[in-house]
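Sharing a structure below in structure tokens format, with a few things to ask.
Chain IDs A, B, C and D follow the sequence of writing; residue 1 opens each chain.
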Amino acid sequence: MIVVMKSGSQQTHVDHVAELIEQLGLKAHVIVGTDRTVVAAIGDERDMEIGAVESAPMVDRVVPILAPYKVASREVKPDPTVVHIGPNNAEVGGEKLAMIAGPCSVEDETKLIEIAHAVKEAGAVGLRGGAFKPRTNPYSFQGLGETGLKYLAKAREQTGLAVVTELMSIEHVDMVAEYADVLQIGTRNMHNFNLLMAAGKTGKPVMLKRGWSATLEEFLLAAEYIIKAGSTDVILCERGIRTHESYVRNTLPLAIVPAVKRESHLPIVIDPSQGTGHAYMVPSMSLASIAAGADGLIIEVHADPEHALTDGAQSITPETFAKLMADAGRVATAMDRSI
Amino acid sequence: MIVVMKSGSQQTHVDHVAELIEQLGLKAHVIVGTDRTVVAAIGDERDMEIGAVESAPMVDRVVPILAPYKVASREVKPDPTVVHIGPNNAEVGGEKLAMIAGPCSVEDETKLIEIAHAVKEAGAVGLRGGAFKPRTNPYSFQGLGETGLKYLAKAREQTGLAVVTELMSIEHVDMVAEYADVLQIGTRNMHNFNLLMAAGKTGKPVMLKRGWSATLEEFLLAAEYIIKAGSTDVILCERGIRTHESYVRNTLPLAIVPAVKRESHLPIVIDPSQGTGHAYMVPSMSLASIAAGADGLIIEVHADPEHALTDGAQSITPETFAKLMADAGRVATAMDRSI
Amino acid sequence: MIVVMKSGSQQTHVDHVAELIEQLGLKAHVIVGTDRTVVAAIGDERDMEIGAVESAPMVDRVVPILAPYKVASREVKPDPTVVHIGPNNAEVGGEKLAMIAGPCSVEDETKLIEIAHAVKEAGAVGLRGGAFKPRTNPYSFQGLGETGLKYLAKAREQTGLAVVTELMSIEHVDMVAEYADVLQIGTRNMHNFNLLMAAGKTGKPVMLKRGWSATLEEFLLAAEYIIKAGSTDVILCERGIRTHESYVRNTLPLAIVPAVKRESHLPIVIDPSQGTGHAYMVPSMSLASIAAGADGLIIEVHADPEHALTDGAQSITPETFAKLMADAGRVATAMDRSI
Amino acid sequence: MIVVMKSGSQQTHVDHVAELIEQLGLKAHVIVGTDRTVVAAIGDERDMEIGAVESAPMVDRVVPILAPYKVASREVKPDPTVVHIGPNNAEVGGEKLAMIAGPCSVEDETKLIEIAHAVKEAGAVGLRGGAFKPRTNPYSFQGLGETGLKYLAKAREQTGLAVVTELMSIEHVDMVAEYADVLQIGTRNMHNFNLLMAAGKTGKPVMLKRGWSATLEEFLLAAEYIIKAGSTDVILCERGIRTHESYVRNTLPLAIVPAVKRESHLPIVIDPSQGTGHAYMVPSMSLASIAAGADGLIIEVHADPEHALTDGAQSITPETFAKLMADAGRVATAMDRSI
């Protein structure tokens, strides 16, 4: 870290800061500038509460130098991680793009299996569908629970698609892990550290959705929790952030793709359905995600969005999905990748 | 809800929307404007997936009319809720302001008890302190666990202060409820609905911190989860939101106070420590919170912020806290309230 | 507009709102719901101060129904506008994508002409470069003024590129219009309505950059000012918004592309240089913009970014630009467009 | 500045960065850490394009150390600036709080003079009112122009209130300066640097409103433009920022008050009307502003908000204003200030 002293700080203030730094086990290095004095701390500061130094007299601010993530970082592991999912070992993070599609919630066995066949045929390798739904409104449909998981498993059996489904609570971790190929951690739980560790302990692939207002650093630290707990197969997922924009439900910041590729070895997929909130935007944002370098997409597909129990406004039909996959294939080719 | 049709929509599109509305059990009422047709849905839409109507052809957008919260709303309960906390039944939401103070984390028994005495003497009625800490960084200090809870209980015994401490995980709910007077749900868990329900089931007072990017509606719906589960004693807490501002760690939006007072009967307190991230801002934001009409404050106080294991940059010393309480008393008097 | 009454409102409150609506020249239509009464106002509300109705007793809120823009809207003009720029009448908004590139600021005649040749050869149709620079810091380089404009004109003469340059002040409108093919209105001036009108009066093509925190509606209303003043050739440009994200200088919200295509007939181009703030992100965000359906790109290119007088961190070299154009051509082909 | 090198950078990369720093006229100082090397640049970097160094190979990022403002900073002028406004030399920034009130727009001579008398009687020292209105919608009421200014002057004559009115365009600077006591620069023009300089050249007091998404640094740099141009009497005004919050029109970040007091010697006033967008929030946010340490308030007051031509939803009546001033007086006393 770099500690910037206020203008007018005395030798005694600088000495005190140097002492605090040494107490942390770091080495202090003072640089007297023309206007300001700064004190650099040499050593590994990542596990320290360096912010506390801001409380020392005449300190203006503390600037961290090292990003705090370790096992999620590209510095530690320069080669990209490729995660394999489902009965067919579909890859996420390799040359092939991973297309994951399905309803927001599992509503009904027949409908789910129809959708699964439809998205499989169009090119998907994964089936999404929530059995446990985190609902903002306590009066809304909360999901079918284990019954929903069973339908997903049946759909996998028939199609070979990898099942991607949300884990909402530690008490369900064994149950969800039994049926799912990929445990999804939703946006609302990105900072639920106990849940991250429980998911990681299963050793299964985990799809980690970025929190609505999480920083890139917090996103990668959440991945770090999962990896540390035992699963190295973390798939990052961007699904939009909260901003002042009102023509979308969330703002989809695609520059996270090159940023993640620079900072981390983990694959990243994009959710253009939640990432915009409107079905009409899903095709263009899907293509944009591929061109941005994403490793896959996770898309809400429903046969009858007007009657969907959840997320109808942002679900596309199987027909739109099939057309989108065709277009996506062409953009993927232009990017030297394939579907 | 109001469904706004696109310009150029035909009778058949309008009829289809009306039919969807009737299928939801609502009554459709068509209004043909000079430029646009809108279809109003009459009935209680709060538990319905009204967004799905956006998927119908030629629908421009869907505007909800009713706020979805019920038991948290002032419409349902016009009288303000007063929550009583701790051995002395200190009130939150009444004429007296509730001052809650203490370290970010419980670090050590002696230090905790010293702080407890100091803040009590200055006018506090509650003692804050985390035994379980949600840490962004997996390598950071994670709290003392049950040992920390025991220290808190001992401090209560000596001072009569109500213990306010964070519940991070369902598995700890019994343990935390045994020691705490108020269960705190942190920012990162505001959308952790299972945890909200577990906290509510204890029947104990719950302090619910607003998520970094939660809307007012989501905040009150989270309270609704707790109330529905069994605790009517919910204390809302604003602790800052994520914005583009960088001179603060979070932006503290005090207009939430009159908004909550208008929409809900629940009391609201402000956390100016996390709400700004800088100790030097805590006194002025504390006074501003009182003048805004808040029902109390929750403030991080540490005897030696330079060596705090967590949140040192935003902790004030007991001396600063005592001075602040004196100033706060004067502002409270100006507002016809007291400390 | 729809006026939502508070719960508990009386007939007299509803009548009063109806009267206010009739005073505005609109027709009031009352709908009594099970929980709330709403009053719909029928007629063209777009030029009215409808917000004032919120002040009436027992009004909860006012919901506008009509988007306020007219000549910028697709409803009024369903066919997309194609703008032709520069000596070669390059199109913006047609099948061909418009690539505009050049230095942030014009710094030197020789360097500018070299860059112009390089970007032309790589496939650009426009040359960007600021002669008047809006600088946040009054001590920073402010641009070469008319001299810079002359260099741009000379570069156009040699290459046939259209000159795109910023108009910062009404007093320079004649001067800038004399040299430029496209008048650029910068982010900081999107709400500078007098400048918008002055630019529009020239009848020249205008590139309008979205404000950092402008809504889509405000963006299109700014275009409306220009069109109303006399220039129908408005090119919208997205260049990033201010959010909590810190790994970018601005968050680039590409979903604005389908939103603009739905709401307006105007073409839209993307600025991935200012839209991210980092050179390493420019190639991927350029390709993503094309796949999102944008009509072109405006990119900062500098032969020696380390010594650029402005925006060095986000400028790419001519070599990187040439490589990017080759990749962009492939993505454009996949989108049935060309460069 | 501090240049942080990437992990794996070689001596040659470090040398190159050191050379770039020396070329800027600064002195390079290399610190080899355990994980990263950083290069500190010693000297006054404030006028330099330091961002360009980010383009050098193996540079991770560039961290500025010095805030770029000079004459607006407290470092340069430790004593607070007190601005005197209007015929009675009312002070802004001293012990007395400056209360400025009046309609959003000047609509009519009689009504304006009535309001002026009413707010004067209640304790105001300034009269606000727009003669030139920046309207997002080109079809909205644009203000009375010079006629409006004349009404304001007449109201001043009768009441002694200082006239605070917006300058929107350089061409009106002489006209507005002739009638106004304080030139207001609106939010939309905070980055309109030519207008800032034109206002500063008049030597008159200038009230500078913060841009919707401006950083604190940009806000103070805009003040720097005005001071450099000739007016040292700059009054900062916070009027709300754009965030994801929807229960307000803008989020009012009162922590800007202690931040400005720490960084600058300039006074700061708060606009709770635009800062929230709802009349019902104005009283509590006014009191909160005073308790936060603001030097005054600027409030929209209209005798008949339901029929106001602009900003009706956020205007309070003269009766509400009188009540507010009484409450404000008590909070001011609690803060050792007065009205």
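Here is the rule we use: contacts are C-beta pairs under 8 Å (C-beta built on N, C-alpha and C of every residue); 3 or more make two chains touch, one makes a residue touch a chain.
This is a predicted model, so every value here is computed, not measured.
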Most remote chain, CA-based centroid, reference being subunit C: B
Pair joined by the larger number of C-beta contacts - A-C, A-D: A-C
Rounded Å distance between subunit A and subunit C, as computed from the means of their C-alpha atoms: 30
Distance from the mean Cα position of subunit D to that of subunit C, given in whole angstrom: 26
Distance between chain centroids, defined by C-alpha means - subunit A, subunit D (Å): 38
Multi-partner residues of subunit B (at least 2 other chains): 213, 241-244, 246
Graph class of chain-chain contacts, one of line, ring, star, complete, other: complete
Touch list for subunit B against partner subunit C, complex: 2, 4, 7-8, 29, 31-36, 38, 40, 42-44, 63, 65-66, 75, 242-244, 246
Subunit D - residues contacting subunit C, complex: 20, 23, 46-47, 49, 51-56, 62, 68, 70, 134-141, 168-171, 187-189, 191-194, 211-213, 217-218, 221, 224-225, 228, 241-242, 278-279, 305-313, 315
Touching residues on subunit A, where the partner in the complex is subunit C: 213, 215-216, 241, 243-248, 251-259, 262, 275-276, 280-281, 284-285, 287-293, 327, 330-331, 333-335
